[in-house]
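Have a look at the structure below, then the notes.
Chain nomenclature is as follows: A, B, C and D, assigned in order of appearance, with residue numbering initiated at 1 for each chain independently.
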Amino acid sequence: MAGSTFGTIFKISTWGESHGKGIGVVIDGCPAGIPLSEEDIQKQLDRRKPGQNRYTTARAESDQVEILSGTFEGLTTGTPISLLVRNQDQRSRDYGTIAQLYRPGHADYTYDEKYGIRDYRGGGRSSGRETIGRVAAGAVSLKLLAEIGITVNAYVSAIGPVSIDRERMDLSYAEESPVRMPDKEATKEALAWLEQCIASKDSSGGAVECIVNRVPAGLGEPCFEKLDANLAKALMSIGAVKAVEIGDGTAVQKAKGSENNDAYLCGEDGVPYKASNHSGGMLGGISDGAPLFLRASFKPTPSIAQPQSMLGRDGKCHVESIHGRHDPIIVARAVPVVEAMTAVTLADHLLLAMASQIGYVKKIFGQKKI
Amino acid sequence: MAGSTFGTIFKISTWGESHGKGIGVVIDGCPAGIPLSEEDIQKQLDRRKPGQNRYTTARAESDQVEILSGTFEGLTTGTPISLLVRNQDQRSRDYGTIAQLYRPGHADYTYDEKYGIRDYRGGGRSSGRETIGRVAAGAVSLKLLAEIGITVNAYVSAIGPVSIDRERMDLSYAEESPVRMPDKEATKEALAWLEQCIASKDSSGGAVECIVNRVPAGLGEPCFEKLDANLAKALMSIGAVKAVEIGDGTAVQKAKGSENNDAYLCGEDGVPYKASNHSGGMLGGISDGAPLFLRASFKPTPSIAQPQSMLGRDGKCHVESIHGRHDPIIVARAVPVVEAMTAVTLADHLLLAMASQIGYVKKIFGQKKI
Amino acid sequence: MAGSTFGTIFKISTWGESHGKGIGVVIDGCPAGIPLSEEDIQKQLDRRKPGQNRYTTARAESDQVEILSGTFEGLTTGTPISLLVRNQDQRSRDYGTIAQLYRPGHADYTYDEKYGIRDYRGGGRSSGRETIGRVAAGAVSLKLLAEIGITVNAYVSAIGPVSIDRERMDLSYAEESPVRMPDKEATKEALAWLEQCIASKDSSGGAVECIVNRVPAGLGEPCFEKLDANLAKALMSIGAVKAVEIGDGTAVQKAKGSENNDAYLCGEDGVPYKASNHSGGMLGGISDGAPLFLRASFKPTPSIAQPQSMLGRDGKCHVESIHGRHDPIIVARAVPVVEAMTAVTLADHLLLAMASQIGYVKKIFGQKKI
Amino acid sequence: MAGSTFGTIFKISTWGESHGKGIGVVIDGCPAGIPLSEEDIQKQLDRRKPGQNRYTTARAESDQVEILSGTFEGLTTGTPISLLVRNQDQRSRDYGTIAQLYRPGHADYTYDEKYGIRDYRGGGRSSGRETIGRVAAGAVSLKLLAEIGITVNAYVSAIGPVSIDRERMDLSYAEESPVRMPDKEATKEALAWLEQCIASKDSSGGAVECIVNRVPAGLGEPCFEKLDANLAKALMSIGAVKAVEIGDGTAVQKAKGSENNDAYLCGEDGVPYKASNHSGGMLGGISDGAPLFLRASFKPTPSIAQPQSMLGRDGKCHVESIHGRHDPIIVARAVPVVEAMTAVTLADHLLLAMASQIGYVKKIFGQKKI
């Protein structure tokens, strides 16, 4: 069944395989009148591109995007925006040996069980290159959100045993850090840890956090299309994510109500505010006007150079090593992907929330000539 | 926007408020030919019913379900199944004082921001009573899953500082435990902890885990309708859930690839199996035939009897206490809700996966007379 | 698969069988703040009720509606509106004899082929009583449309060989006419024709037209969710409809471009207008501000008292007569159903069109406090 | 809102403008294992291509399709199939003069009202070139349907005053006829009529009929996702279609029940059959095993070379002529478009119907290893 489409009225449909002709996305339902250029999209794609440093795969791809439709004279027209990135470095010979093997931690076995056939070259559709479509769509979403001032920022908060220190945290440093950690000290420790992983032909898990500012209160549609529910789906749909947390996340297990409730206080100027933000900016699945706070846990890259016991299509087990170019860690490159999925989800919810009150309908159509 | 519908071809639509006339659900897309009685549904509703013991709200509700449509002579007919539970104990006077106040940790403020109006009686649509529709739909889903042998079992794994011990864990004890923990010792400790919470007019968070057995490989639709993505959405949409974990969950942050990969091994009889199940039964968002493993973290009940600083509709802050009947903990009653949302999600994915291969289509329509 | 849900963000889900416990609908996605009472809905249900005169079935049903959720103090709250009508007159003995027979022109055979089981009492889900859910939802939609001044009016334009005369047409007479024709002469002729049909134990086809006034320009979402496309679906989904026409409909086959194009003219006051409305108020599937004009053709009621050759579940043919209470014509009672489906479709498109321009988004969320 | 996506589990998303970089479609949800090549798709595109003869626009386009994803070694893989056709002849200078004018019968005005901006080059998204995406997706659908023997054939049944004669009708001649009429005599008359239209700088309406053979009984999902309802939507969504008829269509208005009912008869061999097919192969919105019969009425091409009164963006009226390359009639080129939309709709319904009975579920998953 169609599973490559996300969103209800702001809808993205991605396509493409690792070693096919290219990767792309169709964004349908984007409102008309938003400035959009290829540069806007390229900027985000460059952040997820391979080959950025020694901790990302060496695959040579320029990942140049082409806008095929949906804009006119620099503005979105309300019609579908089709984006195309051609694959260049397809060295499929690297992957030939594993055509007959199901690698541990990969989707090889499950694709074959589901479809009875699979494009085994570089993971096919289950490859990390699939996220190009997400990031491209995310770039368009970010432009939409920017129109009302919403900003989305993700960063790496943990790699293996190394976590950022909330006291030392400096968001302006994150993009400078080779592992996108907003903490110089933690970055240094993380790099040391990664060297160890590389030396032992191993890989490491990690976490990405995301903060969204200036979200209007009122986004999210109870009871199943809650904002947090769709953000959880959006992030969990990213390959390798195994947990999604909102606000305090798993820590709420141990909390008491008196600690977890965010009290409303009134400032000296009489303006009310929340004393804390344990809820991560959502109550009852609806944004409350405070910043959204999300966290996704990524499993270690399953492609490691150590020999592993794999299952063959022949039904027998084989101990083999995976050759090729792989990331010892993916969280750094996942940062723009997390931002993208967050932005795409918010764009849809922003548009959906316009239909909440009859007063909003009148505001738009009461003023139209008929 | 319509947010009370869940699923693509097995679709549920819930409705109802805490102090309205009743709560219900319409289940559309259930295959014909499944045995279904009111008892099948009542059994699950009774598990979430209030008043089961001292740790759940004392609200008196029998929560009797009526099947209004969709069955004939004890079997589902393929047409929509409408289920109705009338509210009985509506003592709305309990809630009168908070009509003008936004309680911390509740959705009062966000509903008013979103809709400009809210049914303030007992939380209205954001009340925990909304889960009656989920559990009723879940009961129907469980009957469907049972037809091919799938079982879904949830239990409480943590309450405040108390966690179950994996060594001592005894699933058969869970329903006996007043807090649905599959561990006698932990139950005892948890009860002691809850007494402390009650004494200090406080509440506690906790966690619910869910295991699904005999799931066929191949369920889940990449790349956005992955099985894990939809399970994350399903669980996060339950009120009070702040984190969803699949398999090892947040622990993958610290794992290495060599530890996290589930190696394929071949038994002495040559039959292949996974050496471990860190993935929680899903790879690439598709079920791999191993048991599914999920965990949801619940925040502490926001209704506590302590005085708290609340926001009034007048824009001013007021220190007030919340009176009424509330659970010091909700995880125990959330167990059937977690099972229900898991079952509803699986039912939809089971039906969706039928369209994966042209061979499946031929298997059904190649044998039909035309 | 779930087929009883209609709409994207204004979504209705109907349920119920002819001789089950009742019929109902859940309306989800209705904006908050619209005045709504049971009387608003009852008024429309009374227009489709059986037993209104000698040309409609004598089945005795009061069809009283109950609002179970979604309103508070007389206003919609934005949460799902659940409406229930209990069945009263269920004389299922009337239908017993045809449990084993597939009647010509009915859905008996196709339901059995599709589901392998069917509720044979009075047509089950395929009964005309299913339209109660549509009319109830339509009543809510009409209240929404009324908020910005849109009106929806249907009437019977043809019954068998009798058509209304466009010159004589008087919309104010339509509801007075026993066959809802806005033409006294045609009504007289139609009644004479129906007496003939009744005398010969036969039934007659007919047509219903619908005019929608004050629709804002800009509703409809190219290229598949065009307004005309969804209206066509909405009307064709009504049992017995075999053709849907927009504007000039089938007459365009014979037209030339110079005749069919609606020229834009400017009045003496300089105000532009369309010289004609062959397009029926939609161009490129988007409303153009002129009145919408639709027509649906209804086949004759398949239940006739003459003996007919039917197929048995035993695979053999049997000549039998259908007993029971049936309408010799259904167009008169179909009028509120056509209005309902038109209104439901428009309500959804009105809300969807709010997301067309970024300027609209800013108009709503640019003024919200954040 | 997203309107360029069609289908529930077999889902197509088209994109592209007349004078943009290209036109394309993403087909998601196609089962794995179906043979598919670029030739399969090109064959259908060539049938709708411009420049086939004097009665179609002279625009020079080769309309070559490229499969960008979703197949591997000649078979579909179950992942999204992305198809791209680059625009070549974009002579946008032809259209420059009408940038400021709203042409009668075109969507110029409504696009500007809806979006506040429009790509005025050659109609932009509302151009007939948009149907390339439909035809390409239709070609894939036809391959899927062919796997279980379903065939879809459309032809022109009327052009202006000329209709085919049912007695003389010869389907094998249709593709030979320059106007795709399955009747030599009618073709001759139609060509004479078109010469008249061309001479008078005018255009003509017409009709396309479609027959689908070997459809299994049981497709269609009551009550809103009926097969006829979705076919009506599919055909009405094609630009210029103003009426959709199923079976006897508008003729049912004048029919009696005794004439319109398709009696079940049993042959000498005892095999039952329908004595007629007034229903067009669907009862209660579900296929009954007889051939489907559909008809779409197309309005005359609105682009005519005669001077017409148009509306300017300045709010004033202007008498102007439309220059450029246009079809005096579109029904001939619409034939593959009607086939495509019919095929796409059926493909989705075929897959949806797999979930109708629990027995079907068991047939597939009861045999899977778990």
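The working rule: a residue touches a chain if its C-beta (ideal position, glycine included) is under 8 Å from a C-beta of that chain, and two chains touch if they have at least 3 such contacts.
Please read these numbers as outputs of a predicted model, since none were measured by experiment.
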What chains touch chain B and also chain D? A, C
Mutual neighbours - chains that touch chain B and chain C alike: A, D
C-D compared against A-D, more contacting pairs: C-D
Name the chain whose C-alpha centroid is most distant from the C-alpha centroid of chain D. B
Same or different for chain A and chain B, where same means more than half of the interface numbers show up on both copies? same
Per the C-alpha means, the centres of chain A and chain C lie apart by a whole-Å value of 44
Please compute the C-alpha centroid of chain C, do the same for chain D, then give the distance between them in whole Å. 26
Quick one: chain A and chain D, Cα centre-to-centre, how many Å? 37
Where in chain C do residues touch two or more of the other chains? 1-5, 8-10, 14, 29, 32-33, 78-79, 114-116, 125, 217-218, 222, 289, 351-353, 355-357, 359
Would you mind writing out the residues of chain B in touch with chain D in their complex? 8-10, 29, 31-34, 76, 78-79, 144, 147-149, 214-218, 222, 289, 350-366, 368-370
Residue positions on chain A within touch of chain D in the complex are 1-5, 7-11, 13-17, 20-24, 26, 28-29, 32-33, 66-70, 72, 75, 77-82, 84, 114-119, 124-125, 351
In the complex formed with chain B, which residues of chain A make contact? 1-6, 8, 14, 102, 104-107, 109-111, 113-116, 125-126, 130, 158, 160-161, 197, 200, 202-207, 217-226, 228-237, 239, 242-266, 270, 272, 275, 278-280, 282-289, 297-304, 306, 308-311, 315-317, 352-353, 355-357, 359
